[in-house]
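As written, the chain order gives the labels A, B and C, with residue 1 at the start of each chain.
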Amino acid sequence: MQPGLYHILFLSTALFFIGVYGFLTRRNLITMLMSIELILNSVNLNFIAFNKYLWPNQMDGLFFTLFIIAIAAAEAAVAIAIIINLYRSHNSIDVENAEDLKY
Amino acid sequence: MPNVTAIALIPLLPLAGFLLLGLFGRKYFKNSSGIIGTMLLLASTVLALYTAYEYFFVYGKVAGVYEKFVALQLTWLEFSPGVSIDMGLIIDPISVMMLVVVTFISLMVHIYSLGYLKGEERFPTYYSYLGLFTFSMLGLVLASNIFQIYIFWELVGVSSFLLIGYYYDKPSAVAACKKAFIVTRFADLGFLIGILILSFSGGTLDFATLIERLTSPESNEFKTAAASTFLGASALTWGAALVFIGGAGKSAMFPLHIWLPDAMEGPTPVSALIHAATMVVAGVYLVARLFPIFSVAVPGVLEIIGWVGAVSAIIAAIIACTQTDIKRVLAYSTMSQIGFMMFALGVSNYGGEAGLGYTASMFHLFTHAMFKALLFLGAGAVIHYVHSNDMKDMGGLRKFLPITHITFLIACLAIAGVPPFAGFFSKEEILLAAFHNNMAIYWIALITSGITAFYMFRLYFNIFWNKELPSSAKATKGKEGGFAMMMPLVLLAVGAAAAGFIPFGEYVSSDGKALHAHFDLSFSIAPVALGLIGILTAFWLYKKQNDKPTKLATSLGGIYKTVYNKFYIDEIYLFITKKVLFNLIGRPAAWFDKNIVDGLMNLIGNVTEKISEGIKKVQSGKVQQYAIYFLGGVIVLAVLFIYIWK
Amino acid sequence: MKGSDIIFYLLATLCVVFALLSVTTRQIFRAAIYLLFTLIGIAGIYFWLQYEFIAAVQIVVYVGGIVVLIIFSIFLTQQTGEQLPKQKLDRKIFAALAVFAGFALTMVQIYQHTFFETDEMAITPTVENIGKKMLAVDSGGYALPFEVISILLLAALIGCIVIALRTKTESK
């Protein structure tokens, strides 16, 4: 069957929830970051799909995607910096060890 | 119209003394507080005498009656348009008389204490307490409103507590002041309930209006109050009886008298002021103030008052014969004499000749204040010299304390009813009133007068004659007390000697009209004879040291022991409170309070703590857990909003 | 079945499979590589959608930048050969349940919704059009977000350096 909007939306939703599962389950901070990148990518796919199938006369979706890619890059960089800092103080990047805000 | 400012100043000057010496005495007025207190009270006394002069002589009678004024009326707390607690000053014959008595005796005590308590560490505190007491007592006699009298009643109780417990490091003094306060407070519960009943029936708290409404049989209030009954007695009877209970507590009537002997733990001038001349007569004053209600509306209660007074008089007289502590003898004597005043009111009717008991009671109050204060101050001089309260440490003191001896003798003769001293005249009138109204009470009174003479002279002979001063006694062997101590004795002796000649009936009577007492000399023979027999018996037993008293005591055996232990009434009270009240009511109440009330609070606290312990685990510090909660919440909300709440 | 359909299904399956592998594998380096393949798959889908520019940006920035950054950080912080610790079972089940619920909910909503397409003339997303739109200052222009993004990137740059700076006390 001809892949249309629904198929791409299916794909992007699947990727989104796989990313969420990864974020909730992984014990390592870097793998959590990878899951976040997955989530962001699924969102990008969503925007592009809507742009192409629903509003081809505008390019808003495209620009959103572009900016999200840029922001995701910046965010990944900052996240890595934080992870490195955390590694220096706790000597581990297991997220279970970062429970300093416990009651 | 007497000068309102002058009258208002009379209680306010001692109050100023209390505040000044209480707040600043210890720092600034350590040595001069006595002088300050005495000066303020001297001013009060002068004003009181001036007011009396103005009221009785200058203003005089209007239509043959001394008018009652309310000199000042300030509405303080208004419950409803008719019922409000006012602060007012009432001026009528008995209040003016009481003004004179209270200020004069208080002045004598102030002057006496300058010598008695010289060198005392807490000198300013003592004078400030005396000022507080004088203020409260004056407020009580000037009260125009039944609630105002209650307020000052309690204030007097507090001052008495403070003064009895003045030597607060003596455990016996502490126990005594607590006992006094608790017993009178317990009686005041009855007083309060009585006030509530009376004011509810009368619809007002003001004395004049209350009396007017509750004594005229046609008024609505009287009809409703007399008609509604509870346990067989009308509401009015209950109200009046409960008010009398309050008065009986303060005046140490049987069986609420247990505090008075213990109250002798206070300094002797305090005993002279409070427990002889002024505070203990507050109950008599209250009955006199409400006398129209008692005599016209509820004569049954008046009869009870008479009997209570008579019984108190004779029991106290009997106990006084066995006591060896001189202050205790005087305390029981006070109780007996107040019994006289009380039953004098009890046998009186209202108006004209039949109101003789009222006049007699007030007259006896006046003269009793003089000679009883004199007796106490004299006893104080003796104690000051011998440093002991007990009779066995005294004897033959007539050589060392001449002035004390003469004045004490005058007082004893007065109280024994020997003419021409003051006690004779007032007792005669009381006996006459009893004779005309209630023969049983008359005989009791007659016997009591005889016993009075006996025990007073037993006291006199044991102190001033009997034996030579034992060598083991801790006497100072110095001089008699100084001028400050002797002057009040002399002044009071003059009063005790001369006061009998005042024609009291001219000034004070139940309805305000002049009462001319008929003096029947033949009537006086019986009491005077009995008095002389009492004196001679005491002379025979006690003038020289011998063993007749001890032989008499052993021959009476068990009876003597019972009387010596004050009829075991204190023990009965202790039994009731400790075994019955504490165990049956106190302990369960304490258990309930500790386990159930506190337990409930603790339970609430514990439950809250457990819940919070459970909840706090939600904040685990783990980001992924938070994310799961977040996701779950979003999904639930989404389902809710999409499917359920469209 | 046209060729483009087959390509799409292939690419989509690739994406999903590699994503699943990325979030479940216990070796961290492999997770990074699987992520890399997922991102390449997504770039492929962009190509299939005929948005070549975005596909190129995706490869350049994501694959060539971010995944490399991740790999470097893996090297910096731990032994890449060791296995990651296992997660508790109940956490995995809860997460799976929540995720399935969310997925089902979303898919139901999407399938029930009718999407309306617009009738207007389509603009092809060529680089020229993108460039014109990017720097246009009239309505519909993206000059402002462009400038803001550049400031954001500057801030991120400085921020990363500051956060990851080794201070004197830490240089033990």
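Heads up, the rule we're going with is that a residue touches a chain if its C-beta (ideal position, glycine included) is under 8 Å from a C-beta of that chain, and two chains touch if they have at least 3 such contacts.
Keep in mind it's a predicted model, so treat the numbers as computed, not measured.
Listed by label, the chains touching chain A and chain C alike are B. The interface with the greater count of contacting C-beta pairs, when A-B is set against B-C, is A-B. Distance between chain centres (mean CA atoms), chain A to chain C: 6 Å.
The mean-CA centres of chain A and chain B are about 92 angstrom from one another, to the nearest whole unit. Averaged C-alpha coordinates give centres for chain B and chain C that are 98 Å from one another. Those residues of chain A in touch with two or more other chains are numbered 20, 24-25.
Looking at chain B, one finds that residues 624, 628, 631 touch two or more other chains.
Annotation for chain C: residues 91, 95, 98-99, 102 touch two or more other chains. Residues 2, 4-5, 8-9, 12, 15-16, 19-20, 22-24, 28, 31-32, 35, 38-39, 42, 45-46, 49-51, 53-54, 57-58, 61-62, 65-66, 69-70, 73-74, 76-78, 84-87, 91-92, 95-96, 98-100, 102-103, 106-107, 110-111, 115-118, 120-123, 125, 129-130, 133-134, 140, 142, 145, 149, 152-153, 155-157, 159-161, 163-164, 166, 170 of chain C are the ones that touch chain A when the two sit in their complex.
Within the complex formed with chain A, the residues of chain B that make contact are 616-617, 619-624, 627-628, 631.
Across the interface of their complex, chain C is touched by residues 1-3, 5-11, 13-15, 17-22, 24-28, 30-31, 33-35, 37-38, 41, 44-45, 48-49, 52-59, 62-63, 65-67, 69-78, 80-85, 87-88, 93-94 of chain A. Of all residues in chain B, those touching chain C in their complex are 624, 628, 631-632, 634-635, 638-639, 642.
The touching residues of chain A, counted against chain B in their complex, run 20, 23-25, 32, 95-96, 98-103.
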